[in-house]
Amino acid sequence: MHPGRIAPMLEIAPTDDPPGLRLVGEVDLDTVAELTAALEPHVQSGGEITLDMAGVRFMGSSGVQVLIRTLNSLGDRGRLVLTHPGGSVRRLLQVMGLDRFDNLEVRA
Amino acid sequence: MSEAVRRTFPATAESLPGVRAFLRERAAGSGLTEATADDLLLAASEACANAVLHSGSDEFEVVWRDGPSAIEVEVRDRGTFRRRVRVASVEGPGGFGIPLMTALADRVEISEGTPADPGTRVRLTKRRSDAVRAPYE
Amino acid sequence: MSEAVRRTFPATAESLPGVRAFLRERAAGSGLTEATADDLLLAASEACANAVLHSGSDEFEVVWRDGPSAIEVEVRDRGTFRRRVRVASVEGPGGFGIPLMTALADRVEISEGTPADPGTRVRLTKRRSDAVRAPYE
Amino acid sequence: MHPGRIAPMLEIAPTDDPPGLRLVGEVDLDTVAELTAALEPHVQSGGEITLDMAGVRFMGSSGVQVLIRTLNSLGDRGRLVLTHPGGSVRRLLQVMGLDRFDNLEVRA
């Protein structure tokens, strides 16, 4: 990385198998708009959406808000699967008790 | 508490990655466990997001204080605290910032800027040795 | 801050009216405006409700400190702080206590009891002269 | 009031015109169960429920939770009208922005 320059803070790549997104970087205020936009078609079509979280080294409350809004919109039309969350994301999910959403699954 | 290190940031969302880089750098040299550093990073990041979203300030300051038994991160802006409680049924999910700070830090102090005396100050303290984390139940 | 007045209550819901009677009595002699006293009463009542609901303590203590420029109410229990954030979509409406304290007091400090060092302490400060109330928007 | 004795902290009286409840006292942890029970039949039947708040000198967040749960359950089957709230209840409603519920009306 160049000194004084900051790399794009969240890379969002679509995945086909399983259908969803691979996220790399930080999910926060400055990147949630992109994440919301990338989730939008999946929310529309419903079904199972897998977010590969292995590369997410930070998620703040604005990221959690996107997840909750997604879960609420999906309702019983679909579910969210978070795979390979790192320690700090797991901690966030745990403190917020998100495992108790019926349509969220967290896979180590 | 000794060794205060201060950094000022523009109050924009784009500052937040830089805030976290600063805090990660300080944490790395402080001997905190990764879990403790993560908790402090998230709590402090929420305080900074609030300065960006709600303070109306142009900039905010982050102060790192390394003490023998605890680390303190202070976030200061020059704005007025917006006195409201978010209700999810009306506004959708949100209002998680201060609750997260409270859940993650060991001590939270919020001194609120008023129109007559602007400047909100959030101080977050994390003990060095909180080996035992109270679980979520 | 001078003139600390302390009162201990059993940690049950039935104590809360007595807590408020105590606080109203102190406020009446303190020269606070009714609006300021109301804000402090509600904030403090929430802190006491939390000691009842969440601390696991048998009792909690309420301390009133009357100062020249501010009033402070402290609520202390002997329990462990439960580190969690309520999400309305899962648990229904709630989690308004600490947000209300923050919205109503001018300064909120929460020092959290841990298993290794029990005892949660909430300090709520209200300035005497906050003629200007930031509106809800 | 007798010294050392505490009067019942919330009196709940049904009203017919308008249909609803008159509340006198304090709405908090120790009294919300009664309030919830008294609201229950009204929530079942829907329509407009008027709560006369003139006598409520204190309401805490557990009281607000009951109001919000009631508003959520009523949805567009009914509405809640709060009449004559005192200063401290008005302040609570304002800080929580409850006026923005579609099915809540506050009448001075």
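Labels A, B, C and D are assigned to the chains in the order they are written; within every chain, residues are numbered from 1.
As a working rule, a contact is a pair of C-beta atoms (placed from the backbone, for glycine too) under 8 Å apart; a residue touches a chain by one contact, two chains touch by 3 or more.
Just so you know, these numbers come straight off a predicted model, no measurement behind them.
Student: Among the remaining chains, which ones contact both subunit A and subunit B?
Tutor: The shared contacts of subunit A and subunit B, listed by label, come to C.
Student: When the centre of a chain is set as the mean of its C-alpha atoms, what distance in Å lies between subunit A and subunit C?
Tutor: 36
Student: State, to the nearest whole Å, the distance from the C-alpha centre of subunit B to the C-alpha centre of subunit C.
Tutor: The mean C-alpha positions of subunit B and subunit C differ by 22 Å.
Student: For subunit A and subunit D, what's the span in angstrom between their mean Cα positions?
Tutor: It comes to 39 Å between the two C-alpha centres.
Student: I need the residues of subunit B touching at least two other chains; which ones are they?
Tutor: Residues 83-87, 89, 93, 96, 100, 103-104, 136 of subunit B touch two or more partner chains.
Student: What residues in subunit D touch two or more of the other chains?
Tutor: 68, 72, 95-97
Student: Kindly provide every pair of chains that touch.
Tutor: Touching chain pairs, listed by label, are A-B, A-C, B-C, B-D, C-D.
Student: Considering the complex alone, what residue numbers of subunit D touch subunit B?
Tutor: Residue positions touching the partner: 68, 71-72, 95-98, 100-101.
Student: What part of subunit B is in contact with subunit D in the complex they form?
Tutor: Interface residues on subunit B, with respect to subunit D: 83-87, 89-91.
Student: Which stretch or stretches of subunit C touch subunit B in the complex?
Tutor: Touch list, subunit C to subunit B: 80-89, 93, 95-96, 98-100, 102-112, 114-116, 127, 130-134, 136-137.
Student: Mind pulling up the subunit C residues that touch subunit D in the complex?
Tutor: Those in contact with subunit D are residues 13-14, 16-18, 20-21, 34-35, 38-39, 41-42, 45-46, 49, 52-53, 92-94, 96-97, 100, 103-104, 136.
Student: Name, in rising order, each residue of subunit D that touches subunit C in their complex.
Tutor: Touching subunit C: residues 6, 9, 26, 28-30, 58, 60-62, 64-65, 68-69, 72, 87-88, 91-92, 94-97 of subunit D.
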